[in-house]
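Take a look at the structures below.
Below, chain A partners chain B and then partners chain C, in two separate complexes.
Up next, the complex of A and B:
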């Protein structure tokens, strides 16, 4: 159980790590929007975006292998993108004996290029920002505090609940039960129900503990997350440069 | 007299909403600086009593006073600062993503900020010997460490009285001893709810027995634990191999 060790986060002390989380969040979203808004024919722009991300990774001292391993999550989209040229309609070209749809090729390229850039940007964000800081950053960006609190508790109690689930499975198996086919679903469903009730009761106890320490409906602000103008400037350099690149290239290509 | 009492409970009665009467008129007083054990079998009403001490439950009858301040809806905030409750399961008590944030939670709710908050967190963790884990998530700690951090979360609020619910439960012998050393080193009034009788003897000079919703005994721990009939009448037992000789019979031995 990777208790609390979140595989996406890579602790460090680079300039990127030190940026306030809300700046990085906004920069990532803005960068992704620029990428998505770029016309798919604008090849040099995509190359430029990739270079920008490489620059961020270098500044954050996140090795390429770390990013590559975590890009596996993109696989389903890639498979889908590769299928498009085969199933696409319209004008076709022959490549190595295969008849491929031109429109499908464009669509596939579009998906792969934009998804990859978005995924890499997100991986860099997660690698340089602790999960709880991401949530606090989101709260600074006006995400409702209640949602942030719920997510915080999920972060804290996820491993505990997984552990409880594992113990219940061991207890089932110790008495000779192993789920093999659909007829076993009712047994599993009862386990899930029991788990829900246990978690619910824990929630009540946690609430009592919170009340006992003076909780009155809002989490006290304990981290000073205010960002200096310079830090915002630094974070928005990434989407800013990306936008500039796109505009220049668009004006340059009739 | 009131000024020197940390906790005063008088004629406290309580019935749960379903009608089950749990407390039938509890009277007790704890002076400042005392360490008192509240003994009682399962189902005696110990937890119900504890829930009254910081106003989570409201008495059906009677009153609770903490250092002269009565527990009432309008005093709850101050009462919860004065009464530090340490729950039995540290996973219920430690709900923040890091130890530091968790210890800061109580004082921050009271409006403490900045350097003063830092200082409170640091000194509370130092007192339980857990400063080195400040930046770790609670679920990375051992059970004994989590219990110690749970004590720190309450110490950071600088309570008038520390109330511990079964502090020795689920601890291995070494953690149990370490916790005892820490609790003994704290200069704070303490009410320890337990049925671990040797632990009560080790830490508390005075004991109360709660049974059937009333206090049935109040006296020096050694005398109470030496009274085999009293213990037996209230489903309390010393573990196998332990005996507390009558106080007049010389020093106690563990055989």
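Up next, the complex of A and C:
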């Protein structure tokens, strides 16, 4: 796993891949905002959003299995959502012998639907955009450059630091260590301390190396990221259609 | 703990987004003072470290394990502003590149895991470390208590936010008690690992521990003829002297915004519930039925009065604890002045 290559990114050359990163970023955020703002009783709207995302996935040639495998990340909150009908307050209904809270059922549905749509949208964004380009796009959207630089350094060195941690774990396990209870925490903590010192000292070396190559507070721009109006229009099709769908359905159902 | 989309309503998402943006903006300025032009590479590497450390699972009790939040740890090691930046960047990267945590919930996540853990952790750390005279034991004990308090504090803020604008009906009191109970346990693990980590770094590179900058040891020069000479370090002002001022003010501002939200929504929330009930069309059907059969149901139906009372109690307790801490700080500041 080389620097900048991440589990979620899936290189390709589809129309979605080719869109400028800032357009995709804004479109994804706007889309999740529309999803979150949709009233939970509007079932057809959620089905429509799912279809829209499926359309994007098809255009980006991202297979469904790829998306499904990465949706595991939301499992803890799905468990929480399933618990809500049991612990919720208010009126109760009996379903298959279980007394469930009506309000809790709505809440559980609401969380599962919106969280799933949000996760799929994020997965599609990450799958079709190189991490570095995504950060450059964020910078074009006027995010503080310092914040973007920090994120870039983090992305660049993340795998390295994770590898150092992995090597320390291998070293511990090679000596027969397995953390089983609270008394073993000090051993882990000493590894964390060593990891911090290594990361910090590496940071100092990186900074000196940058200074010796003429770093003066900003990174040189290597990409032209300007987006044509047509590209903006294409990217904003997703949140635009979602918003249109919600408005039509809201007006349509009294 | 990464909150996904759809967990909170739009109002809370936007409000916490504003709080998070403000906190990050203040920290960007503050971190430049902590790290000057080294900010980007250093904070980036520390963020990578926090990301890796969060992956480390530690055993809590038989069979269960938790993972590090790292707010207090990063604050003690790298300074509070840098810590806020690092944790925020970690959360942003997780949301955008790993689909971990919703994009619209980014404000909630940064507020809970970036701002609250760092502010509470650093605050408690400074109080304890100063009370113990910035000794080595004080720094370690301070990191222990700071980490211990930061985890349930974050859980408590989560519960209050969820009660305000979560998309589910919960009883504030019971859920808060359960959340804080569970997170005190996790906090003990976090506290142990934070304290031992800080103590390890103190032993190897004491100059890297931001929270212990006030206690640089004097340099011992040994001559070839066996004579020793002690060189006192350049008098650097202790980190406590006025340093946490803006940070504490920021913390108070965040608390004030959240408290304002509490009192605003406390009156609005029964209306919200009623409207939902009307939308679904069960409000008329529910009243008699629910009162008759379910003891819990009438608690929920009673127009949110118990919920409102619980909210008021929550605010009073928060203000009381906050005020008490302030009183303690002020007294500690006045004592040396009198002496």
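FYI, the second predicted complex is superposed on the first by the 234 of 254 C-alpha atoms of A that agree within 3 Å, B and C clash if a C-alpha of one lies under 4 Å from a C-alpha of the other, contacts with A are read in each partner's own complex, and residues count from 1 in each chain.
Going forward, a contact is a pair of C-beta atoms (placed from the backbone, for glycine too) under 8 Å apart; a residue touches a chain by one contact, two chains touch by 3 or more.
This is a predicted model, so every value here is computed, not measured.
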item	value
First (chain B), second (chain C), both or neither touched by A:213	first
Contacts of A:170 with chain B and chain C, given as first, second, both or neither	neither
Touching partner for A:113 - first (chain B), second (chain C), both, neither	second
First, second, both or neither for A:132, with chain B first and chain C second	first
Partner chain(s) touched by A:186 [first = chain B, second = chain C, both, neither]	second
Per-residue touch tally on chain A - higher for chain B or for chain C	C
Contacts of A:155 with chain B and chain C, given as first, second, both or neither	both
Which of chain B and chain C A:222 touches, first, second, both or neither	first
Overlapping contact positions on chain A, where the chain C interface meets the chain B interface	131, 152-153, 155-157, 160, 202, 206, 210
Of chain B, residues touching chain A in the complex	51, 54, 56, 77, 80-81, 83, 85, 87, 89, 91-93, 95-98, 101, 104-106, 108-110, 117, 136-140, 153-154, 157
Complex interface listing, chain C residues touching chain A	3-7, 9-10, 13, 24-25, 28, 32, 37-49, 51-53, 55-62, 68, 73, 77-78, 85-86, 88-90, 92-93, 95-100, 102-104, 166-171, 188-189, 192-201, 204-205, 208, 276, 279-280, 282, 285-286, 289-290, 293-294, 296-297, 299-301
In the complex with chain B, residue positions of chain A that touch it	3-4, 131-132, 152-153, 155-157, 159-160, 202, 205-206, 208-216, 220-222
Interface residues, chain A side, partner chain C - complex	6-9, 25, 28-29, 32-33, 35-37, 39-41, 70, 73-74, 77, 84, 87-92, 101-104, 106-108, 110-115, 117-119, 121-123, 125-126, 131, 134, 144, 146-147, 149-158, 160-162, 164-165, 179-182, 184-186, 188-197, 199-200, 202-204, 206-207, 210, 217
